[in-house]
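Take a look at these structures.
Shared chain: subunit A. Partners: subunit B in the first complex, subunit C in the second.
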Partner chain A sequence: MNEQLLQQGFNVLSSASVYALVAIGLSVIFGLSGIINIAYGDFMTLGAYVVFVVAPGGAIAFIWGFAASALVVAVLSIVLERALFRWTLIRPVNGFLVSLGLSQIIENGVAWHFGQDSVTVKPADSANWALGGVIMSADRVIIILGTVALVVGLILFLDRTQTGTAIRAIAADREAAALMGIPVTRLVTGVFALGGLIAGLGGGFVALLQPPYPLLGAELVLKGFVVALVGGLGSVRGAVIGAVLLAFIETVLVTAGLAGWLDVIEFGAVILLLIIRPQGLARGLAHSM
Partner chain B sequence: MKVAKDRGVLARRSIALFAATATLALAACSSSGGSSSSGSSSGGSSSGAASGKTIEVGMDAEQGGALASFGLSFLQAAKAGVEYVNKNGGVTINGTKYNMALDICNDNSDQTQVAACATKLVVTNQDKFVFGGLADFGPILRGITEPNHAIYFSTGSAVAALMSSSHYVVNTVPSLDSRSLMSVTGFKKAFPNAKTVALLGEQDATDQAAFAALQPAFKQEGLTVVGTQIAPLDATDYSSFLTALKAKHPDVIWNELAAAVNSEPSMLGQNGSLHAAPVVFNNSGSCQASYPHTPGITYMAETNAGAITAGPQETAATKDYEASYYGLGGIKNPDPNISAGLYIYDFFPILAQAMEKAGTSTDTTKVLAAINSISYKGVDGTISIKNNQSTYGQVLCTMKDGNSGNSQFEVFPDGTTTAIGANS
Partner chain C sequence: MPTGNLRRGNADVAPAVRSRDSGPGSSLLTSLNRIRRGGSAPSGETSWGATIAQLVVLTMVAVVFAASGVPAQYITLGVTVFIYAILASAIALLYHDGGLLSVAHGGLWGIGAYAAAVLVTKYNWQLVPVILAAALAAGIVGMSLASISTRVAGSYFIIILFAVSEVIYGVMINWNAVTNGAEGIVLATPASLFGYQISSNMQWYYVSLITLLLVLLLLQVIKRSQLGQHLRAIRDSRPLAMSVGISVARVHMASFAITGAMAGISGVYWAYLEKYVVPSQFSATASISFVVVVLLGGSAYLLGPLLGAVVVIFLPSLLHLSPLLADALIGVIFIAVILLFPEGVVGLVTWSLRLLMARTGIGRWLGPPASKTPASKTPASAARDTQEAIRRADEGRQAEEELRET
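The block that comes next holds the complex of A and B.
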């Protein structure tokens, strides 16, 4: 029984890592632009497919796959921000609608080019370590450690750097920030690039966890929204807390044989939480990361 | 047990709620017939079933969207089936020879477009025979074929559950009870020492029905169910489910997750490191699939088809089917879902024979009666149809360590099997 619990604990960490990556990207972009980017999950899908193209054989080539994935999705995000999202900043609901269209285009484009079936990306490291009865695949360890590094780096960047402070100032009051001489437009573009970079890396991590397929991101983005809402939209720390909480609840329900009630309980709890604490568990970008 | 079920469709409906604008635009496009015709389609002809020298057969195909991987295979098999009929003399009714043609409508795996396609095929084009409409789309199609007395050749469990209240539906796959028994019988032939089984499925009616149908078969074959896990439709990581099942020490994980929408490959990959059981049985699986090469895990697949599609046991008819299937072009070779095409391929010549026997291509009551009187030897073996329900053998295969090999064998409705391959 203890082995099962420990194994499930490890499973929680790896699932939470993926949820956190989706939620953080969504959260940061929302915090700054007010746009709910439904296509964000599809950006992750693109990242996963970039890894498939660059490093289908896995192993050490995965490093190049990650780098290419982060770069490609970040550049794409910049292009999309300049070409589309910039014009929707005044009315974020338009940004939401733009992201809906983008989501459909990306999903169908990927399906058209790569086919509807999943593609296989071989593991970065196929090793499995057994520790106290817990089987830890090297790939899942990479996902967990990679996510931790990314989250810590992001928090330090937003909390400790001048640019991070400026981003938080924009989130608090865009007009006031502009009057203070902060280059709002450039930083919004920068945050989209940051979100793209996270999506690219996240897509790479997801490719380690499961074979990429065109609708992968659509599956993930709903969980990402739940996590972001629970954690508090705009909060990186909140996204991490929400991700761990969601993965923990899911795993407990599965272990208890209540998986059939998972969505009911999960989404019921989210509704309840948002009634009691509409701002989520943590404060948003404007206050602190 | 499922036949090309659509776990993803429901899950993606949530996304579709957000995507209402795009979906409505697509639906409007479909309603106007903009996406309906391609390939061997006779186009948007409204000439009726037996106009000129052509009998049009409606095909509601998932050429895009979540179910396209299976939908395209079904469409390819339908084209091959029509080609087979025409190459073998077409359909001769009362001395007049007709060619068969497909009237294709692409529903993009979208339920609104399924309804639009069904209306176009049955009401506008007056097609008297309709194929396609996977999984939960089947009942939508049936809702339009049934009152219009058009015969619907269905492959899905969702329609199978409505057979008792349907008059013009022909179920082209053996019944759930029959398939369950053949699956479990085949499994025990391959793994006679197995005693315990753990079930893994999804939160949908298809899997619930499958699990219920499997119980008597497990009991008959001396297998005890030690655990059951039902994953939500939007699950992507199955490690917690597998860990919970592993704790029950099953001899086999009986997997109902859908290959069509990629939950099966995700789970199989994740099980590769967790080793929840030494054997994973994939219902509605593929013997051509790329299962993970995992030492210590044997994969078993039940294809729902009645033809062995690789190795020395492959028949000449099966080879002809494959040649036609790939010869038509437009689909990758090899296609892991080629065996799924066998759910419908033989039913085109069956339909042709039935029309000839009934002496009509428009009186569906007479054609249906003829269908129920035919015993047809096709690629799927001998197919008999009674009360609109077809019966034929089922092919299973084993892949040790995830390696494909000469391991396919067939279980027949009477419980007998062909030789089990060396790789099992």
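The block that comes next holds the complex of A and C.
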């Protein structure tokens, strides 16, 4: 029983890694531009499909798949920011609406080009390791380690580098940051690129986890938002805490045989939580900055 | 201290202490007067005459369209347009007058549809009681949304409503005893209305048209009522509205209940038209497509949501595109409209007609310019708003000086 729980914990931790990446990407973009980018999940879908195109056979070619997917989605993000989101920075709700349109374009475009059914991507490494009775597939280990590396790197980048400080300054007060000589528009573009990079890599992870299909991102993004909200939108650490919490709850619910009601319970709990505590769980953390 | 946080506070939280226009550019006194005068009444509000004229034109166009012998499938599309328009007009009221962008109304729509499917297949109810029950169910669930809108605003509100629509969807899929799960319910029995059978799509065309007209009239009444005034007052400045004794909870509850009931009624027609109800029709994707319909047409205009529905529903079959490509195309058009013509297709048409008919005076029949749409602004209107803000700031300063002198 204990091993079974550990096994499920391990499995859910790998999918929670993906939620964490979605939530972080959404959070970073929201923190800087105030835009709820609902198309962010579809960026991940795109990343997964790039991996499918570049490395359908899996194995070592996956490295190229990851590189290509990160590059493609990051460049796409830059283009979209310059062409579309740039014009909505004054009214972020319009950015949200634009992203609605974008997600419609991406979802239907992908479904039209690749078909509505899922495509198969072979695993990057089909090895399985057993550790204390828990069977760990190499792919899931890659996902978890990759996510941890990304998150640690991102936190260090935001906290320790001058660019990171500038980004946090913009998030705190855009006008004041601009007056201090911080190149606001350039950094907003940069953060969209960063978000695209995360989405590309996250898309690669998702492709390892499950066969990509056109609506993959649409489902991911809502969970990502929930995670981000619980952690407090705009907080990277909060997003990680939210994802781990979600992983824990999902493990418990699945073990209790409530897999079907998973979404209802999760989303319902978040609604209740935010009615009672609108600022999210990690507000305390956010204020310790 | 390394935390990796981007935002210090949450700008969208605790709306009670923050206001959208509580910057230095707004004066409390002028805003207060605006509320006393009846919310921030749109400067060029449509007169009742113009409203009736538009509804008469709508009726005539719809009747001529149906009588002109178009293929049967266009009649079906027409019913779909009316069904969409009923719901979209309700969403538009919340968005334009309330500043509340609801992405949960697709779920309320589904509640109406399921109410119809269950009550008809299991209990063999007539149309009128079914409509009442569906409106009641969707209205009550809708009313509960006010518990969210009174606590959080802006981005948080939008995201939580996504969660609400996911919860509704999840219940539809899992509550097998009532909803028959993912397999859905077949609703093949024709509706009976006062002893008449309504089965053909042509009959549904007129039933849904009449319902749409009633809904549009009711929405106009609400806009002019105290409820509408208070809704706009809350949209413009929550703390100010509260300070003059407006109960945000009560106003939002009423607004969500009414628009939810409209969503429920629209869902009943949808169930009868499709003859088949499955959860996937009412997922978050459905809600998103309604938001697209509302903003494509223009939320500020009486017939905006209807025209948005016409574009979204007729475009694929007129262009003979595959549904996937058509939806992608609608996405492209939608982005273009949001960025270039924030007042929607109707706004664009009105604007160009005004330009053409500037001298003839016909333009005034087309409805108001969006006075304070939550959508983004054209450069011209932004400049106007800035001037207005400066004027208000001046007034405020004068008022302060007067106060200091006394």
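One rule holds for everything that comes next: the second predicted complex is superposed on the first by the 279 of 289 C-alpha atoms of A that agree within 3 Å, B and C clash if a C-alpha of one lies under 4 Å from a C-alpha of the other, contacts with A are read in each partner's own complex, and residues count from 1 in each chain.
By definition in this document, a residue touches a chain if its C-beta (ideal position, glycine included) is under 8 Å from a C-beta of that chain, and two chains touch if they have at least 3 such contacts.
No experiment lies behind these values; they were computed from the predicted model shown.
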| request: State whether subunit B and subunit C clash or fit side by side on subunit A once the two structures are superposed. | output: clash
| query | Looking at the overlay, what does A:Q4 touch: subunit B (first), subunit C (second), both, or neither? | reply | first
| Any idea whether subunit B or subunit C touches more of subunit A? | C
| request: Give one of first, second, both or neither to describe whether A:A218 is in contact with subunit B, with subunit C, with both, or with none. | output: both
| Of the partners subunit B and subunit C, which touch A:L97 in the superposed model: first, second, both, neither? | both
| Which partner does A:G260 reach: the first (subunit B), the second (subunit C), both, or neither? | both
| message | Between subunit B and subunit C, whom does A:G115 touch in the aligned arrangement: first, second, both, or neither? | response | first
| Superposition on A: which subunit C stretch among 254-262, 290-298 or 380-388 collides with subunit B? | 290-298
| note | Overlap of the subunit B and subunit C interfaces on subunit A comprises residues 38, 97, 100-101, 103-104, 108, 111, 215, 218, 222, 260, 263
| query | If you look only at subunit A, which of its residues touch subunit B in the complex? | reply | 1, 4, 7-8, 11-12, 14-15, 18, 38, 97, 100-101, 103-104, 108, 111, 115-118, 120, 128, 135, 137, 139-140, 209-211, 213, 215-216, 218-223, 250-251, 254-255, 257, 259-260, 262-263
| query | If you look only at subunit C, which of its residues touch subunit A in the complex? | reply | 1-11, 13-14, 101, 147-148, 151-152, 154-156, 158-160, 162-164, 166-167, 169-171, 173-174, 284-285, 288, 291-292, 295, 322, 324-325, 327-328, 330-332, 334-335, 338-339, 342, 374-377
| Hey, which residues of subunit B end up touching subunit A in the complex? | 8, 11-12, 14-15, 18-19, 21-22, 64, 66, 68-69, 72, 203, 228-232, 234, 236-237, 239-241, 243-244, 246-247, 261-262, 265-266, 269-270, 273-275, 290, 332, 336
| said: Residue numbers of subunit A touching subunit C in their complex, please. | reply: 27-28, 30-32, 34, 36, 38, 84, 87-88, 90-94, 96-98, 100-105, 107-109, 111-112, 154-156, 158-160, 167-168, 171-172, 215, 218, 222, 225-226, 229, 232-238, 260-261, 263-264, 267-268, 270-271, 274-275, 278-280, 283, 285-289
